[in-house]
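Same chain, two partners: subunit A is paired with subunit B first, then with subunit C.
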Partner chain A sequence: MTSPDGNLLQGAPFQDSPYLPSRNASSYNPLHTFDLPKGTEKHYGQQYADMYFLRLAQLKEAIKRQAEEAWKDFELAGEKATMVDRVLDVRQGDLCWIIGTVYMEMALKPNVLDDIAKEHWIAAPPVRQTYMSSSGQDEMMLEDESGRLRITGESLNSHYVTGCVLAALGTEQADGCFQVIATQYADLPRQPQRWERDDSALAVLGKKNKPVTPKRGSAGKLAIVSGLEITGTDDDDLALDLLVQFLTGELGAHPEQSRSGKITRLIIAGNSLSSSSPILSREDFVNSKRDKGGKQQFGYHTSSYNASPAERLDALLTDILPSLPITLIPGASDPANVALPQQALHPALFPQSRQYANPPVKSNESREGLDSVTNPWEGDIDGWRLLGTGGQTVDDLLKYVDEVEEMDVLEMMLRWRSIAPTAPDTLWCYPFQDDDPLILRDCPHIYFAGNQSKFERRVIQGPADQKVLLLSIPKFRETKTLVVVDMETLEVETVEIGVVQPPTPE
Partner chain B sequence: MPPKRRSSGIAPKSGQSTLAFHGASNKVTKPGTRAQNTKKNIVADPVAESPKADVVEIDATVGSEPTTTEASLLDQTEKEIVAQQAASTPEEDEARRITDARINKYWTAKEKARKAPRVHQNGLSLHEKILQEWDMSGQYGPCTGIARLKRWKRAQRLGLTPPIEVLAVLLKEQDSENDSLSVQRSLVDELLNY
Partner chain C sequence: MADTYKEYLAANVIADGKPVTYRVLSRALKVNVNIAKQMLYDFHQKQNAKKTNTVHATYILTGKKRAPEKANGIHTHDGEDSFMHSSPYMNSMPEPEEPTEEPPTHTSIVLVREEELEKTKSEFESITSMHIYSLEPGPLENLNLLSICNQDILKDCAGEEPLDRWKTYGSIHNPYIKRRTAKFAPAPAPGASKTAPKAASKPPVTAAAKEEQAKPASRRGSMSEDNSSRQPTPQPSSSSGTLKKSGSKPNLKRDTSDIFKSFAKAKAKPKEAAKSKESTPAPIPDERMQGMSEDEGDDDEGPQIKFDAEKQAAARKLRAEKEEALRKMMEDDDDEDMPDAPPAEEKESQDSPIDEVPSAAPAETASVTVQGGRRRGRRQVTKKKTVKDEEGYLVTKEEVVWESFSEDEPETKRPKQLPAKSTAKGKKGGKQSQGNIANFFKKS
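This part shows the complex of A and B:
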């Protein structure tokens, strides 16, 4: 009964100290590629033509090299293909290739006339699921500084969207249309080695001595979740509580705890709140007017603001943050700006969890704790380069094409080197003038898009032996699934948090 | 019970000064923002107007404050000038060494490349002609919404090899203290975004 040294708190009936798995730190080095200048330093006086010019100018060289390699031996009816500089300089009957930006002329694309119709209180047409018109009136054109050229051909096969930069080989026909035989895109850019940025930073620091790569332990796992869509009401409580308990290790026994103990970082990839605006949208305004019997509410009433979704999200983050650092990416329904790149969610939304983050005055990143980042986002976690979006780019692109998988969309966006090809055509975007950060410069190791309909993974190869893991993260609210990536082996597993109803007694 | 209110109505004199919502020292509106030739002003005492007119800034002749496009162009030009003062790039050094004779040679070469002479350019100086040609060269990007110097720098950064004589002209114009907005803003931009 008594223990050897007289300590009453040891020995039977007290068990040995409970199993306490510990969590390693995650090596985190974010990039600020998509940060916009604040306040009045942002200018909106420029037009989007600058963005298309930048896109073409920055990708032209790479595409030229790829196309020359692909088509230098191409011969059709004894004629060799030559490059033509300007799109409008193609001559009828000559076999040639041109480089330009694709523009899809589609009748069902959102039109500024719809906004004018809404102004006059005619009901706006409903949001379209797809821009493709059924009658086949959609046209595809190639555009550069000189003008636009209509293109046709079976190899195009409606898999290209506005904004991707291509080289097209073909010839001009009698009706002015350019018949395309083959196309070539820029393909994946150079992929940095694992730990490349951290090692080069160390090499700069330690100039005098030989750069010694530090011994790095084996990396943990990365958990990615998206589409929490917190409404503040009770219906999401159970799943969210179970998620928090899983991540903090309170759920289950030894095996589950050790599994969740390996997770070293959480990324929340968009749509954490289900509706961002406390100000009523036009439809709700009309409905409220009808329901309240004609009493109009103009503008924004403080009494009508519902703070409970943001409070619930804050409470959720505060529960997870003490033991797990979080990277928070805004999504389409979050209270961040509408135009891409969405800037970081403001710390004013998180009065409790912002204690775990660096104040924006001091630093624009928080390596441990809560890092509120932009959408899209690029950064290094455990040496691997990650690129992630909240899913708006993928959803918008799917409206242009037919019967295309989300994985195909992710792959094509990387191969076109364009993170948001449909911006600024149908996806709202900041008018970049100097430098378009939505062009892919370094190939990531992991590319994920949040708020998709189902979980999928794929690994793609590039021409210079690049390997990219593509992940489509499903909406948590619908599928209750969390994606866990092992950062050492890049293996992916999912954790599904289910609620099992006990069978009702008959 | 609520505290008893003083019913006498005489407020006690306290030592604090009171706020004044009137008077010249508290005037909120800028002088000179209203048009000077409204009927009221003509009827009013012209002598009383002149001390106010002295307060008016020189910009009243131009009109109101710069528009947003002009403001962004001015902002861009200022940034470029600041960057130049900080460190001058090799292109700028080379551009400052270019002589007027070389600029003339560049321009005559451009004119010889055309079959017919340019029209509607009688009143323009050589510098203005060169800068308008620079605006209309589409391979360096759109010329609206961007200052000419910034457009040159952007084209240089993207590897499009813009002609160095244009940079020389821009730097000469900048140093000669003409109105910087009219030099940096292309004519097309002025027509489109008036």
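This part shows the complex of A and C:
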């Protein structure tokens, strides 16, 4: 049953373990698309309207092309569909198509005006599981620079959310509603070739020197894990220990060890710490007040800061790093800024493991070691373009829709070319002014979202033969699962680390 | 190193009743992890051949789990479930509506006690490898206790060069990783700070619970040589372990209280009394701890691993204590910030708004006449003058003016006083605002 070299259930004389090859280099070329300006360059005073304007302006061309192609021969009752530039110019009864940004008016959606008007609330509304109202009164509107138009139609149900840009074909009804027959979205943008960036960098070098032909061995594997949710207590330690031992190749016998030896990089996709905010959440605050016997403490107090989760994470990283480079993406519960794009976790959190990171002055260079990056993050690993998030974008989008899978959400985000369509409406976001990096420029080869409920994968194809591997990475704390992607074949496998706890005595 | 492993395991597992994982063993003996795994197996076989059930083992199974009857999901364990069946997670399969896609390879790595080993094995379709993870004197009730071993490794291997680990222990080598040598070298191991105090505190609260529980074996006498040479495993609640650690603990506390005192001296003196009062209660628990641990060490029954539960409880307690202490410290600090400014200055600072008192510095004196014990004359002084200009701003100017003076004191005293006053003034300027606030809080 057990393969010969996998059996370490043998006594003396001890056999030396077979030779384990060293890890290959992980070809790593991160992009800094989502880095915000530093320090005083960063302003929060701008209006969010610019983001919607930018989004519409940048996506309009692509959508127009798609829509023209799809609807140029479209006729209904002898009437040809024409494009109308502004939503307010739509004539009643005309068959036409328009391009605009969707806005969802939903009963349960948080509304900033409500927040201001009801400042005297005693209790804030609970966090919403969904924004949809049960009575189905939610309205959908299409908006551009000129105004808004209410839209209805079967094809819209549960397919679009606030912030995505689309083209809608239909006619305006007597009541002013625009009845939609069909819709079009921008679809996947251009996908770079594998090794494209690295090759072009080499080509630039090659001009000065003689042409360099890259020597690339076969790529290794990429491990992605998310939702470690380290609490700093003992309950979660064992699984984390086993994870470390698996990644460093100490666990198991030769078959496993040589397999984990093929892993050349680990990505931690968000929520490494279970709750990092030094400011208590509303519930915790109430609890703590009760515990302390009515003694109130407001806001942040240094004494209430518990460093042990961060220390544990640092120790974990330090354990893995001598053997495996790590890309660390922050998530919703990590001590980074809340607004997307979340900036890299501060090196001060990692007194030990930051020795494997770049010194701050050179932090933009890639390096084998610890790379603390932004969320979302984009970069090239082994030539493939990867795009990954900590999962907030997916979670928020799922609140808008019903009976939609995480995989569908990931796919639609790419097809809408919007990494965070619901920002800034219901997802906090930096007010970008001149350029919105959350609009998808290049189609990735692998798109993953961390902290999802279960592992899933899907391969989608674009109009120009783009192939994208979508991955939803489950929370490690709940599923104890690690996703491993073969960077040569883009095959996916999962590794589950389980502990069979003894039955509890009755 | 022929038989050192036997001695080591005998000392730690059988005598001290500690769980020993393959990692602990490999670190202790500086051998490859795979050899350590075999050593554990060897020891396990031989000991149990001599006398059954003296040593218990946990195993690591790796392989492919058999898909359960429902063909659309792989049966998984989530680690928290104490039972094998029906774990709710179907985390590893694509949706059934995509039958074209092959399900991704799913590997399971399972840590299991020897009691459940066969049952778990039967759930595997194929097992690629299998080895002993740890040995312990009796069945573990909670596998989480094993993680404590790894924390000790962190602590003990702090001094080692992490990039050379692969040579000794056989973890996978990565030649591309580089490590900066930090100018600022942080404390050797973060684990150390966490684990050391954890084991150290055997807080009095658990005393009652401890009495009830059987104590783990702690025949220290004969084994202490092996142990003192290297201690990579968790300390049991034996007397020497506690003594050693509790010995270091009060030191820590004393240090902090020293810091307190030195701060106190620098600051307001009257506070010192109160502060030392604050700091003295702290060491008391340690005192008691020692006493307790001594009678603990005596009773040694059959090997059980309960102590780890205590240890955890202790750790939890300690954590709470630490937080408490920290909070106290912070609160104290808040109080002590106030009396920063000496009272004398405060008094002074209350009156005399700045702009009305020009500080005069005598520059030169001209035409001094002495008449009947009084000196009269004119001298040139630079005065600071603050005026409100037409726009309402306060403008401070230094002006050289002549002023006449008449005094009955000898000339020599004069310059002495003036500088004294001006320095006091300077100080006052710096501290004024603080002093004022402090004063305000104090009096209210």
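As a convention for this text, the second predicted complex is superposed on the first by the 458 of 506 C-alpha atoms of A that agree within 3 Å, B and C clash if a C-alpha of one lies under 4 Å from a C-alpha of the other, contacts with A are read in each partner's own complex, and residues count from 1 in each chain.
Going forward, a residue touches a chain if its C-beta (ideal position, glycine included) is under 8 Å from a C-beta of that chain, and two chains touch if they have at least 3 such contacts.
Keep in mind the model is a prediction, meaning the values are calculated, not measured.
With both structures placed on the common chain, the touch criterion links A:S200 to neither subunit B nor subunit C. In the superposed pair of complexes, A:A253 makes contact with subunit C only, with no contact to subunit B. By the document's definition of touching, of the two partners only subunit C reaches A:E496; subunit B does not.
In the superposition on chain A, A:T130 contacts neither subunit B nor subunit C. In the superposition on chain A, A:Q92 makes contact with neither subunit B nor subunit C. By the document's definition of touching, of the two partners only subunit C reaches A:D241; subunit B does not. Of the two partner chains, neither subunit B nor subunit C is touched by A:T82. Between subunit B and subunit C, C touches the greater number of residues of subunit A. When both complexes are overlaid on chain A, the residue A:S155 reaches neither subunit B nor subunit C. In the superposed model, A:A57 makes contact with subunit B only, not with subunit C. Per the touch definition, subunit A reaches subunit B in the complex via residues 43-47, 49-50, 53-54, 57-58, 61, 145-146, 433-434.
Against subunit C, in their complex, subunit A makes its touches with residues 1-3, 6-12, 14-17, 20, 22-23, 25-26, 233-235, 237-242, 245-246, 248-257, 260-261, 301-304, 306, 308, 311-312, 314-315, 318-319, 321-325, 351-352, 354-357, 359, 367-369, 405, 407, 454-458, 474, 478-481, 491-504. The touching residues of subunit B, counted against subunit A in their complex, run 68-69, 71-73, 75, 138-139, 141-142, 144-146, 150, 154, 158-160, 193. Note for the complex: subunit C touches subunit A at residues 23, 32-35, 37-39, 41-42, 45-46, 60, 62, 76-84, 89-92, 94-95, 98, 104-113, 115-116, 120, 126-132, 139-144, 146-148, 150-151, 154, 162-163, 165-166, 169-182, 186-187, 189-191, 193-194, 312, 315-316, 319, 323, 326-327, 329-331.
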